[in-house]
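I have placed the structure first, in the form of structure tokens, so that the comments after it can refer back to it.
Just so it is clear, A, B, C, D and E label the chains in written order, and each chain counts residues from 1 on its own.
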Amino acid sequence: MTARLGGLLALAASALFIPAPAHGEDGAPRKGGTLTMARDSEPLTLNPIGAGDNGSIFMIVQVFDTLVETADAPLPQPALATGWTVSDDAKTWTFALREGVKFSNGDSLTCDDVKFSIDRFANPKVNTSYGGFGAAIAQTECASPSSFIVRLKAPQGAFLDYLSTFIPSIVPKALYEKMGDKAFSEKPVGSGPFMVKEWVRGQRLVLERNPYYWKNGQPYLDQIVINYVPDENTRMLKVESDEAQIATEVPYAQIERVAALAHVDVQIENVMAWDAVWFNSRKAPFNDPQVIQALNYATPKEAMLKTLMHGAGDIANHVIARVKYWDPAVEAYPYDLAKAKEALAKSSSPQGFALSCLIVAGDQFELQQAQILQSEWAKIGVTMEIQAVDTGTIWTRWGSGDENCFTFTGAGLSSDALSDDNLAVVFFDFTGGIESFWTGWNNKDAIALVKEADGTIDEEKRKAAFHKLQRLAMAEYPAVPLFFIKARTAVSDKVKGFKTLPVKWWNLEDVWLAP
Amino acid sequence: MRPSPPGIEKDAWLRLTRRARLDRGWATISLYAGIAIVAFIAALSAAAPFLGLRDPTATDLMNALQPPSLAFPFGTDDLGRDIFARVVYAGRVDLVFGIVVTYVSLVIGLSIGAISGYFGGLVDTVIMRIVDLVISFPFIILILTIAAIVGPGLTGAYIGVIAVSWALYARLTRGEMLAIRRREFILNAETLGYSAPRVVFVHALPNLLRANLVFSMSDIVLNILTLAALSYLGLGVAPPTPEWGEMIAQGQKNLFNAWWISTLPGLVIVLVGIGFSLIGDGLADRLDESGR
Amino acid sequence: MQTASSPTPLLAARDLSVGLVNRHGAFLATNRVSLAVDRGQSLGLLGESGCGKSITLRALLGLVPHPGEIVGGSVTWKGRDWRSLSKSEIRRIRGKDIAMIFQDPASCLNPVFTIGDQVTETLRLKLALKAKAARELARDLLDQVGIPAPEERLRLYPHQLSGGMRQRVMIAMAIATEPDLLLADEPTTALDVTIQDQILTLLARLKERNRMAMILVSHDVGVVAQNCDFIAVMYAGHIVEWGPTHDVLRTPRHPYTRGLLAAIPRLEVSGGRHPLQTIAGAPPTPGELPEGCPFRLRCPSARPECATIPVTLDRKPPDHGSACPIVM
Amino acid sequence: MSLIAFAGRRLAQAIPVLLIITVAAFSVIHLVPGDPARVMLGSRATDEAVQVLREQLGLDKPLVTQYLDFLKAAMQLDFGDSLFQRTAIGPIVAARAVHSLALVGYAVLISLVIAVPLALLSAIRRNLLADHVVRALTTLAFCMPSFWTALLLVLLFSIRLKFFPTSGLGDSPLAYLASLTLPAVSIGLYLTPILLRSLRASLIQTLGAEFVEAARARGFGEARILFKHVLRNSLIAMLTILGINVGFLISGAVIVENVFSIPGLGSLMVAAIVQRDYPVIVALTLVFGVVVVAANFLVDLSYALLDPRIRQ
Amino acid sequence: MTETPLLSVTSLHKTFGGRASLARLLQGKPARRLTALDDVSLTLGRNEVLGIVGESGSGKSTIARCITRLEKPDQGEITFAGEDVWQARGAKLRGIRKDLQMIYQDPYGALNPRMSIGRAIAEPALVHGLIGRDGARALACELLDRVGLPRSVAELTPRALSGGQRQRVAIARALALKPRVIIADEAVSALDASVQAQILNLFGELMRDLSLSMIFISHQLSVIAHLADRVAVMYLGRIVETGATADVFARPRHPYTAALLKAHPHLEARRSQTPALAGEIPSAYAIPEGCRFNTRCRYAETRCRLSDPPAAAFAQGHEAWCHVLPDLENSANS
């Protein structure tokens, strides 16, 4: 589905997850053909455990399968597990494994493989990048070749969501142990729709159909060539010249131009990515919610959305991404200089103040955004110095707790899981490990709400807790939320069934090429 | 013009005098045309605050991406800033950067190169190995380190570029020094028992200047381009201060829908480049010593 | 002026004027120079630096460096005006009928090619020889000009030879085509006196053998005196005196020639440091000549009218001319 | 001196320089704040997780140990593993070095093809219209931002005329060459003016040399004099400039590499620095050092070939 | 010469070159060394002009460079007014430097192109503390007068001067320190004949007026003949003949001296059919055994190839180093 230009209006929560009409108006899917993609990033590893970047993750999900999978639905769907049951204490999960699934090398997928993979996921020494996702798992067990049991230390609200991420992808145990981490990362074998045919680092990854894939008749494509094209202009020229049928990350400035091409459409879709400016609440005046409010009121989001993003985004009404339990009813701060001045007058720094803000060097979008803020905030007496530093430096400096402001756009911040829990822990739980994303926001209510939501699988309770958290954060959290970012993908008319999922990747097994 | 002497074919003589004027004149024309171009841009930049230009840093989202018009001679960028004003103000950063970096490097490189060439031996070997090192050391690592130590922005760019570009002057000067130290006026200074610093700095250095000065003209442009490249990587001038390279980099994503954002500042760099290279050509001729 | 006796001399220049350009503008490097040589004759062009003798020599071959050019007069080769010849005809004459050697043999040979390459290149182009024949002839020529072990020398590069050897190579290339005329521009100035002696002896022998005409440019009175049948003395672009060598040296007519001869220290009258007779002042800078006689500001016999009279060589007596109408 | 002795001496001189380069790169990059483990794990990970990863990567060892480990392995041509790509550095760098060298080599070739005739024209028609036009155009090319020229080239030759692919690298030798053409031209446009200027200057000098006059006096044709006698004598100054620029060209090709999606050393270097991928940075510095030394060696060698005087 | 000489050079040796190339080391060959001076001794008396004549490569300039401390001799002693030039330190060294002044061949190279004439002339005196800053102008004017240049020249740079004028400036600069000895290395060789005569006359005047001593190095026999009281003829790093100029030039005892004289282009004589001397000077890297002139000498005998010739003394300090000492009067005129 292709969004109309001009942007989508704020959608209801469920609107994020409109089920794709199976293969709707495009007629019956056709088998065969090679799809060429031009991507903005390249994989660094193809090992599900150890990957942490979109370049790798989006490829890993094409090669591997998980017990439950992310689809166009608010809840994880059956995949390698055909179904599951949960005990009353919500601590024991029993998965019925799909029969007859084979890895792409022809080996059968067994419960041992599942156990091996989930155990690695649960081991924080192995799973360093996403240790928190598997931390709740106490023990796993193969009750029978087709029944896999996971026992949790405590109930975990997002358990299934975490299982649907790429991290607990099922790998063939025997082969993995034989090949070792390094070799497996280069030439992985999974049970996903595609398998790796060729990987030339820095250039391209070629995937071909996994002949043993369990989904009936899928995948449709024989082969996918994913080229690494870092330059955004070049990426667009790739689809323009039909050297590629899909190009990711259409630059905002070119949405109109590319969409106007006869054979290309720009798909604009909601994903769980967002953009905000963060402040260090350990430092004055950012410990003063009035100051934060003043900055919020002084930010002309509407105008920024229009000029910077050409409308392809939504004004954020939350300081984290628009995930499962997002409440559309919460109001975003309007642009209101009078209110801003009023708030500032009531604050600890009524005369305004100076701040310096870290941004990532070389990111033109962020630079522009920062300059608008600089120019706008000056109107209420806040002078902002922009400090562009490279990515390598940025986390160290922001993590040091000595900086006062930091902005990092949606391309870098997105949720990997379908529910809010992970982001909530990172951003709102001071005790969660990185002191509320290093903002130092230590709010007891927020911490309690995070724990409350995480500790239950009762959907209503979870929803209520997250809604409360959202309102609390909007009122007090030391950040200026800006936009919910949308995925912008240039897609050739020939490509059918392509869709960007809220987690930003794509189920390429659904894609087929029209003749 | 002197009248053609007797017994001379008038046409041929005329042709020759014209050629002589042109030949002689070109260096002068080149020098003054170059100075005129650079001076024009420099004067414009220097006088920027008094020209009644729009605030180069003020964003005006309502007027974003305006093509060149009477109101905005160079158009506006996607934040609605007046590109003409920005180009003019940017000259203050770029020209000063180009000139300061170039001449600080020149002075350092000239001194080190002269010492290296004059004393020879171990001093020379050590210095030239350091020069090799600087020349083969990846520039970007150095810049990043310096940016990390002194903070991002212009200071880092200044230090980083100087840290590298002195080496070429040192190499150039050493070569010249090797040639000049055999000249008799240097020998004479030595026989008179002048101290080594006096021989090197008072007697040799002024004569090493020409090659360096001529080279410095193209180096200024090169250094401005380097600053532009640093801006491209986000390590140049701290925003919102306008800088030509930063403007060009910023316009990159708008190249297809607003060509003027990158192109017009780019043309200004080209103009400055032509200006300095004209000065270089003129200087090369004018500083030609001896008149033999 | 005529030094040649035949009606159509081998090479003749009539009122030849060459304009050059320096940083001050255009100027006449040679001013209405007339001269001629015939077979077997040698003419010496004597003068101090900047007097235009070298440029005269180049003009005779049509080799005035750009942006200078011949601005007046004519040069005829065997009665044919250079200007009536096509470019390819001129190229054929150069290096075949007329050869030239230069002052600094170090810079006249291309440093990046071997001697053999350069000598055979000339032979192949000028005599249309095949590589092997050219090589053999080259060896022969080097032998003729007195280069020992010629076969080995052919493989060397110019910088590996001494100055004298290099000049011999230049001469070998020059005489390869048995030219009718050899132009020599200070051929021994860069050489030591014993080597100069060898080279000049060699040139004299070759001239004799091939009945070759020669124009020798030099600032050294002794060199010209010993090697030329005729002398033309140049000053500031003009020929101020000419005649048979013997006459000019014995009874110089022009005040400049007289001054020049008196200023040279003699080997024979050594010791005592008695003052030499000198010419006052310095030779004029090209392009900054006084009106009238160019020598008048330095001339001990100058009179007011020297500023107005045009410089012309008198033709009487017929074989010894002077451009000074005052001193007879 | 024999060629081997010459090469041997150059190498002996180069080794300490290369060693110092790696030490400098290694220590310098550690001066920069930033932690590869943190960069890898980004915003999500807790400090404990980062610590675990640091241990896994061996980043907790003292710097000296890390460097010596690198050096020990490097002696056996094993540069270790990239922290980020989790794979051996050797093959990654080698593959990219091939592309970089091919690209820069191609660009040099193109520059020579453009610069030499234009310099000849410029030198012969010195201070005349042709000279001015050539110099103005090359100055223009020199000052144009490279991504700008690159995109212009793509629009014209790839999109409009469809002569070359927009980006990426072809598989067959011919396709490979085709895909490198536009990037090489982009770099060449920057390099050409540099070469042209130095060649023009030395041509003018050589044209005034006496052996040129002697060749004319010998009745040689102008073309022969120019191409056989003058050009060879003038190439040396240009080669020196080329030697100095090779290093800059390879590391400075980042922008062109990005625009044309060519996996070269430049973009790897930038990525490695941003990620603080220490082993890759050090390995790359070493490679750059070797390339620069090798380039200068080749330049010296071609001097010796071009000018027998230097062989002494 | 009964009194002690002002300047004496005893058994001077100097070789150049040195670092062996790797290739030569591998072949077991020692480094090639160029012998510039091999056991050269000479003296200079008060108010005397000593001419040193020889072809290029004879080592005549190296002597000047050793005396003026530009090259350190390998062996041998140079004493000036009783002081060892190479041992002297401090005030004595400064005194020697002041007293020994050098004038070079190339009038274009000898002056710093970027320094005004006035400054160039006065600078040595300033640096040596002979005058104060305010005395510079007066000194420059005085010296310009002395060498026959207009005072206005002081403001110019060398570029504006002709070759002869530059050489006058170089002389003025040398005189600024009131030296006792002037060493002129080919000081008139690059000048035109008419200018050369002026400079030679200037030297003559200076010798007369300032009671200077002078070592005059030249390849031009006629210039030496004009200026020098005594002459030393050098060949390949050695003095082969020395004596009063008139005597040596009129009755050369060494075949090389005779050949030089014969090769000199005379105005009167017609060229002979054979050159005065065949062959070329051997390489200074490979000096012939025995008498070093034996490879070119038409009188060479077996002993000449075996041993160095001893000095043969003639009247009035005329000495020649030749085994054969052939009767040269006839051969020179043949």
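Keep in mind that, in the parts below, contacts are C-beta pairs under 8 Å (C-beta built on N, C-alpha and C of every residue); 3 or more make two chains touch, one makes a residue touch a chain.
Since we're looking at a predicted model, the values are computed, not measured.
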item	value
For chain A and chain C, chains touching each	B, D
Smallest count of steps, each to a touching chain, taking chain C to chain E	1
Chain pair with the higher count of C-beta pairs in contact (C-D, A-D)	A-D
Whole-Å gap separating chain B and chain C, where each centre is the average of the chain's CA atoms	48
Centroid distance [mean C-alpha coordinates] between chain D and chain B, Å	22
Centre distance in Å when chain D and chain E are each reduced to the mean of their C-alpha atoms	53
Interface hub residues of chain A, defined as touching at least two other chains	233, 390, 393
Multi-partner residues of chain D (each touching 2 or more other chains)	32-34, 147, 151, 273
Multi-partner residues of chain E (at least 2 other chains)	none
Chain B-touching residues of chain D, taken from the complex the two chains share	13, 16-17, 20-21, 24-25, 28-29, 31-34, 127, 135-136, 139-140, 142-145, 147-148, 151, 197, 244, 247-248, 251-252, 254-255, 269-270, 273, 281, 284-285, 288-289, 292-293
Contact set on chain D toward chain C in their complex	208-211, 213-221, 224, 229, 232-233, 306-309, 312
Chain B to chain C touching residues, read off their complex	5-9, 12-13, 15-17, 19-21, 23-24, 291
Residue ranges of chain E in contact with chain C within the complex	49, 55-56, 162-165, 192-198, 200-201, 203-204, 207-208, 219, 221-223, 225-227, 229, 245-246, 249-250, 259-278, 280-281
Touching residues (chain side chain B, partner chain A) in the complex	57-59, 61-62, 64-65, 78-80, 144, 147-148, 151-153, 232-235, 238-240, 249-250, 252-258
